Amino acid sequence: MASFTVVKKEDLDAELEKGPKCVLRGQTSDLGCLTRQDGSVSLSQGDTTSIAVVYGPAEVRINKEKIDRATVEVIYRPKIGLPRPNHRKQERIMRNTLEAAIAANLHPRSSISVVIQETEDLGSNLSCSINSACLALLDAAVSMNFMVASVTVAIKENSDMILDPTKRDETEAKSVLTYVFDSVNYQILTIVSCGKFSRSEHKKGLTLAREAAKSVFQFYRESMSKKLLMSE
Amino acid sequence: MAEQFKMAQPKEYFKKFLENDIRPDNRELGEFRPTVLNIGCVSTAEGSALVKLGNTTVMCGVKAEVAQPDADKPKDGFLVPNVELSALCSPSFRPGPPGEQAQVLSQNMADLLQTSKCINLEDLCICPGKLVWVLHIDLVCLDYDGNVMDACTLALISALKNTSLPAVTVDEDTGDIKTDPTSLSNLPVSCCPVSTSFIIFDHNVLLVDPTNEEERLATGAVTVVVEGENLVSIYKPGGSALTDDQIETCIDRAVERSREASKLIKETLYSIDR
Amino acid sequence: MPTDTRRLTGPESSQSPYNFAPATKLDLSNLESRPDGRKAHQLRPLFLRTDVISQARGSSYIEMNETKAICAVYGPREVLRREDFSLKGQLTCEFKFTTFSCKKRRQHQQDSQEKDLSVHVLEALEPAVCLHKYPKSQINIFITVLQHDGSAQEEQAILKSTVKPAEASVGCVTVAFLPSLSQVSAISSDGDLSFESLNKTMQACVTDCQRLYPVLEHALVKHQQDTEAANR
């Protein structure tokens, strides 16, 4: 484990020398990586990786049943230890985001549950989790109103923006903003911030993230078509 | 008749009001409920405040204890905020450990303290590497009628501004700790973040300071925390999508509210000092 | 000790700074004047208000100098875990001190003293509430002490249109008295007491209860008048 971290640090340093980053880190996905679930994906954004699985629409526990739509559940599993209040906050953000995306009214009295396992957090973890959840929902062929794409922007002390920051960028930045957009009008579904920032920085970050979100949607499309081609 | 209509068709009932740009409780869409602030109401706590936002009532008490600091941060004290949504405040909560909502609120308070840096953790140092202050900040909701987030933030900041700590000294040689309860000093609070919450009704109408009923009908929520002209946090956890302009409107209103609330805190603190 | 994963936790061990302060001793030798200037048999001034919690069916706030408590009553509502059918309603009581209510910080979980007090209040109120009118349902009483000063414990739940019980305490004898029936519903005593002095204290408590009753009555009547005036 220790040697692993050392290698990563060198990688980060090498990456840092390349200058300011205004592109997303490389994304790779493995759709249907698990077999027992209705949908599953392992998504890497740079070195940040998470696994998301979807069960549903399935039977719902009677006390959670909603008569006019499906109950969306999100469970977030941290890499180490039990979920803490900060993970609960993440769960709630993801659940509210996915609730808007999933066409829940098509499946009344049923449950759609998404489980996200954090496997490696090396920056932009929330974005990676949300994107993997969206891909898993696509893999499970759950009906959706629109897709969602999440992008994280870090703002440095000198107001420079870093898209899709690494862990080191995040700790050095004065604030980190995570945005989620829908795939229809690219409107804002979710904003989560950490650290102080000004209004103009928010505006700049928003435009930057929106552009980047389009490439995430493109990535979804490629991943899905690759999977469909394979199954043919 | 109105009661029955409200019960059967709560959303339609609401829409009828919104058509005239007014809410059922006679407020305009961007209007806060009357805010009442009572600072220093609990003498057993080191700092305390009671906030009433319409019916919503939150009490905050700061209890100070001493502990050993973490080895890697020998000068930093600890801030431990916790929000309690007890079964007392609303029929929808059951007795037992805190539910998801209370946990998220606690985490929001912790994030707020961390990002606004209103308290310098090094100010909580008594003796580097040996002894630091631990501030247990407990927020108890006494009446849950919506927008607990804003009430909690206001109570938290007011209580911190009211906090005074007794003089504690550590003997260099023997390591003995001594407390002088008669000499109290105020805790320095560098800034005053104010949060403003909105709900999204019917996917595009923004209502500020929602009541419990309004929160139940909401299709989304936004909370903006500002400190002076700077943004401390924008928190929009999913829900209906908003345009950039709508977010800007929220920020505008939040800046305005921050002025009002800071003034209220200042005036209340001034009135108890006299 | 297992850590609480649902709350934010500070360092593992911490203690009150007042543990290191020179001890102060309460002087009880002079019975004619107590530290706060009261006589031995004098009650503290009482402030009472009803209907303070908008969401509750009934609620009250009580302040006796430095002791402040708030109480809410919910119900009658469905019994969640329906074990056995009963024609009589259930009454539950949860007594809680806020963590900042005492000189020494209290824990979030209910401790033995709080459980003990819950039972005491429950026992005092049970004879007063017409439980036979609420079959298959439960009535919940929640009491939270916001600030606690001295050994006294005085609570009342104001249940609209039911018998109003009052509880007053002097020293270490606590008596709950039903004024309209002229009966004592609960009594608890702690410590070493002779029969004679117990009798004497009880008499004193009952007299005090009878003096408290009109205050409660007045508070309720006033609230009723206020709401009627508001409705008109």
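Per-chain residue numbering starts at 1, and chain names A, B and C are given in the order in which the chains are listed.
Everything that follows uses one rule, which is that contacts are C-beta pairs under 8 Å (C-beta built on N, C-alpha and C of every residue); 3 or more make two chains touch, one makes a residue touch a chain.
All figures in this text were calculated on a predicted structure; none of them were measured in a lab.
Under the stated contact rule, the graph of chain-to-chain touches is complete, every pair of chains being in contact.
Central chain by Cα centroid: B, whose mean Cα position is closest to the mean of all protein Cα atoms.
Counting C-beta pairs in contact across B-C and across A-B shows that the higher total falls to B-C. Centroids of chain A and chain C (each the mean of its C-alpha atoms) stand 50 Å apart.
Our note on geometry: chain A versus chain B, Cα centroid distance of 28 Å, whole angstroms. Residue positions of chain C touching 2 or more other chains, listed in rising order: 6-8. Contacts with at least two other chains are made by residues 85 of chain A.
Chain B has residues 103, 106-107, 110 in contact with two or more other chains. For chain A in complex with chain B, the residues that touch the partner chain are 85-86, 88-89, 91-100, 175, 177, 180, 182, 185, 187-199, 202-203, 206. Chain C contributes residues 5-8 to its touches with chain A in the complex. On the chain B side of its complex with chain C, the touching residues are 42-45, 48, 55, 57, 59, 61-70, 78, 80-82, 84, 86-91, 95, 97-98, 103, 106-107, 110, 134, 136, 138, 140, 142-145, 165-166, 168, 177-181, 212. Interface residues of chain B, counted against chain A in their complex, comprise 100, 103-104, 106-108, 110-111, 115-117, 220, 227, 229-244, 247, 251. Interface of chain A with chain C (complex): residues 82-85.
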